[in-house]
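We just call them A, B, C, D, E and F in the order they show up, numbering each chain from 1.
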């Protein structure tokens, strides 16, 4: 179906065992967390057994692995849902742009939903129960907390990978429209989300205040925000984009960013 | 004391990993409290100190990678000192806070300096060297373990005053500066994404998503819904057009 | 007293219908006050009590089907008791409120239990049996009339204390539960609409409309404007495309 | 012009008298008001004489009547404007989807506008005048109120049905584009509005609070609203939609909803 | 006194022009203060009075054509009277305000009554008579100059009391009414724009832009961004369609 | 390339000297400011030397001049950027609708940005420095203010006209797509902006309050705003549009508007 694979055969299927292995590996999603790619390398770590089974051609594997090293961040419990969908797409050798688009489009919303559901609701409830028992010196407190919490936790991890995978398989079968249309749709969706992520995730504000006699101009709220909200995040991302296009290495950009952060802090403008 | 300090440090290493990986939440104060209590032979104080810290730090969870004060080190050291100094468990909170905040800085530092390693990972991916990718992740785990191990060991073994002095060596502007840089750094990740995703045809949607988030303050889910709506519309529009075209060609024949 | 009670009940029945049908607004307290006054032979008190209630209940109108405290029964019973007990007209308000609230509940109940009748109406529509549809509407009117008639008659004839007890038989959780159900029930109506309207091609617009209302809190008019803008765009886009296609076909010939 | 009619002839015209009859019948718009369809049966009641004149074929009449039994709700004074437009479309035998789309798209906005104009402005003003006279024991109070209010009221009812009808006729003449395009446009507009109505009209909130030791999670504001505003209305509507598609009768759904309401109230979660 | 009054008036004329044209900002109080001081032989008071007024009137700038109290006349007359009456420079503010407000009204009047001249300009444009256009602009400058000259001259020469009376001849409702009309008048400009720009096909975007501004309170830049996004989408959509069409034609051959 | 010119030749180029002349003339942008067209005549004044050089055919010149007499308003410093772009389009004899669309689309945003940058930031900072020096009797105050402010001011004027012009030239070369598509895109963009400008720039609110006994209805906030925000600006603009289409002269409309303003103020409803 797709053209950008050396080996376009799509007859490999992932077994339940395969999926379980991926779910186990998803536990290390944040092993190599960092502020440039966030969970990317951990995400790829999780996918590896599946990708190796699907892409027997080394060049295809390389392409796929490279794609999955791109920026990734989502909620660590819901990640297996995305893993399932993506594995279905990989296995069907969908257009790589489509795979990327779907990945990017799902990670953002699931991140927010997961945070609300698990970090801000499940955790306080179960830990609250545990702590109130523990407070009375009852050792059942921590145990009950761990049990309650992890039933949901592991239930989701192993349930969602299957759900994602079969949903993906089914969706692909229904969409017989060739790879071009799907990847166009995925790009539209994905880039809308990236536009939103830039404004939401890139945390770039200046604290600079220009004082002249009586006048006091807070650069961020009195000037920049009036021109455009999230102006600095947007500008900086575009700048990084151009530097990358001009061949600058991402490493250089990190060094620049770190220096800017430290110097900006020293001069009290960031 | 050495044995206890080593055991606690071991536990800190495991819990520190669990804070980001595994996420069974054995790292929460309510659990670490009882474990530390067990090691130091005062389960009851451990339980209560842990529970106290748990309730205080209820909402302290990392959202979108932003680090709150570190509950692992805070919980462990707070409980340990409460037991060692035979203080009321409530005192744990006071001791825990400076450590939790200092380690928050260190984690931010780690997440910043680990970024360059990703370019090694890129190379491995390029070469389809999956073992390399795995090693990088294991390296990450190892660093986390060692860090938490050392950080927990020192103050327990040498006492908190010495430890706090040690922690204060790192200048504030440096940690804060890194933290600022960490906040900005996703821009590089997005720029790399854009490098592969962005075609002239799709700039429109990048603009749209940005406006929806920046001006209208929509959460990402709402943006994804609007993006889906457009993608669906576009999909069927082109499908209809293609159908018409085909029809004509058939008509023509 | 029977004649007066019957006359007032008759008026209540008519006014109760007018609250939803006709809507000449003879049901407002300022009008019912004077009528009740006329029946009970004290126009002046009727006028003033009615006017007082009118001013108090100015904004109590049903919006999108949500029932406010019932101004019809409130107005009539309030005025009647003010005249009968020879109290200051201002007292009318105090007497009126519990009745107005109880009837609010009853109306909600009626609007909930009347829903199943619609499936009878569906059948009539299917069979093009227009007389059936008409009968259902007349039935609705009749129920309204009887309900208001009885509710107004009882307390006037038996006195307010007895009446209030009577009203209190219906348990609160039942009425409130129905009221909650009534709030949710439009979902069924929309689901039925969707069953006929929704095609895969148009899901996009359903999503869009939802996001505009749920996240951006836009009123329906604004959503309709945006919907129109898209419909217009799409209309001319397809028209242009069709024009091109025709052109080519002609060119081809 | 249209294809979904047995008798597609569109030569019937409604006379002024016909329109007046419809306007009179519109007085019973809410005779059978209920929370599932709101004004639907009353709306159909109002249309009947017109529909009978237009659809001399029984099958056509049946189809049309069924459509008009679908959910309907608008402001009772402005309804005649919609009646006028719809009668123009019916008479011209427009595509039934187009008729439905226009009906759905106009009812919502006119409902809101009408409420603002008549319930929240005209009524307080005229009743205020009446009440302030009545307060002084002046019997002219109620009379002046009724006269002022009903001049506007009946003026609108009878004026708007004509205005709507001729507007409709004119619009249709200008749109010579065949029925397909019009019904597509009407569907786009109509479904946008329905999407908005779901979030606006379906009043479904939980009052549940999860208390665990110290923690107190208000399910609605602390969890559901963070995931998505109007999540319950949307979910419930989709659920109803699926149950309908699976062949469940609407009656069953009503019973379920009523039980849910009462039980939810008993357990203090709704 | 006449010479000084004339010199100050001359300067007022120049500064008045600079408020709208040139915009070198020699018209700000901090500059006019020192000039008036120079003319009246008390640079120091001029400097300080000017600086005082400057700081008070910091944010008074014309946005979207809306006139704030007039800083030119306010600055000049305020400073002049402070020097002439040998008062503390701070008094300048009190004197300046009524004049600044009165002239604000006059400017609004000018900008309203100058509107009809545009139709003369339309004719010149039609005839490609560029000299005519230039003359109209020079006329505008001349009127500004004369206005400011006179307004500055009178109170300096005849004293402020006489001047204020003079200013008060113009009735308030008249000036305010004009100001209201000025606020509405851009509607005419937009209507004329629409007369040339609006085609049926594009009504959709007019609606969209309106909804974005009126309901969602988006600033114009955000609207332009969304407009661009749609324009881009539409552009590539039609381009792709055209490409398909061509392909087919070529295929056909 | 374009069809709506008598002389479609596009070989004239503007020299740096030409551009500088335009920048100088931009100083008179507001010489004939008025509330109907705002800066239109001054804007045209600025363009004249360029237009004359480009449009050697009198009919073309007339058309172009007429277009540039339409409503115009932007920030007086950033105007030269628009001048540059427009001159590039004029010189290339772009479709007149495209020129208008771009002009309209850029003026609004640059107006807001310029106000934030120069009136609300640069001015208070530089004048603040100047005033705090002057306060101490230091005559350097005003001088330093003028120097600082005008370095930015004139730097922008002369820099931006060039930047706009060459940006324009380059953009046009890249867009080889014929004039039709560009003018369609420009119209979409331009009309979105005009829609926004109507709601933003037309300042039309009623202060009328209807008092009846106890009730007090504030017409603007209690009624009109509930129907639709910016209802009066929209209605009035549409009214003006229809009157223009019906052949009413703009002069008449101005007189009507002025009278309405004054009478409305007298009766305390505006």
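The working rule: a contact is a pair of C-beta atoms (placed from the backbone, for glycine too) under 8 Å apart; a residue touches a chain by one contact, two chains touch by 3 or more.
Since the structure is predicted, the reported quantities are computational estimates derived from the model, not experimental observations.
Note on connectivity: the fewest steps through touching chains from subunit A to subunit F is 1. Of the two chain pairs examined here, A-B and C-E, it is A-B that is joined by more C-beta pairs in contact. Looking at which positions face the partner, subunit D and subunit F present mostly different ones, since fewer than half of the interface numbers are shared. Per-chain CA centroids place subunit A at a distance of 49 Å from subunit C. Separating the centre of subunit A from that of subunit D, both taken as means of CA atoms, is a distance of 44 Å. Rounded to a whole number, the gap between the C-alpha centres of subunit A and subunit E is 51 angstrom. The residues of subunit C that reach two or more other chains are 55, 58, 205, 207-208, 210-211, 215-216, 218-219, 221-222, 226, 228, 230, 232, 234, 237-238, 241, 245, 252, listed in rising order. Within subunit D, residues 113, 120, 124, 127-128, 131-132, 135, 213-215, 227-228 each touch two or more of the remaining chains. Of all residues in subunit C, only 200-201, 203-205, 207-208, 210-211, 215-216, 234, 237-238, 241, 245, 249, 252 touch subunit B in the complex they form.
Taken together, the subunit F residues at the contact with subunit E in this complex read 27-38, 40-42, 44-45, 48, 51-52, 58-59, 61-62, 65-71, 73, 76-77, 97, 100-101, 104-106, 108-109, 111-113, 115, 119-120, 123-124, 127-128, 130-132, 134-135, 137-139, 141-142, 145-146, 149-150, 153, 177, 181, 184-204, 228-230, 233-234, 236-238, 240-241, 243-245, 249-251, 253-254, 257-258, 260-266, 270. Only residues 113, 116-117, 120-121, 124-129, 131-132, 135 of subunit F touch subunit A when the two sit together in their complex.
Within the complex formed with subunit D, the residues of subunit C that make contact are 20-26, 28, 30-31, 33-34, 43-44, 47-48, 50-52, 54-55, 58-59, 61-66, 111-112, 114-119, 121-122, 124-128, 130, 133-134, 136-141, 144, 173-174, 176-199, 202, 205-215, 218-221, 223-224, 226-228, 230-232, 234-235, 238-239.
Note for the complex: subunit B touches subunit C at residues 216, 218-219, 222, 225-226, 228-230, 232-233, 236-237, 240-241, 244-245, 248, 252.
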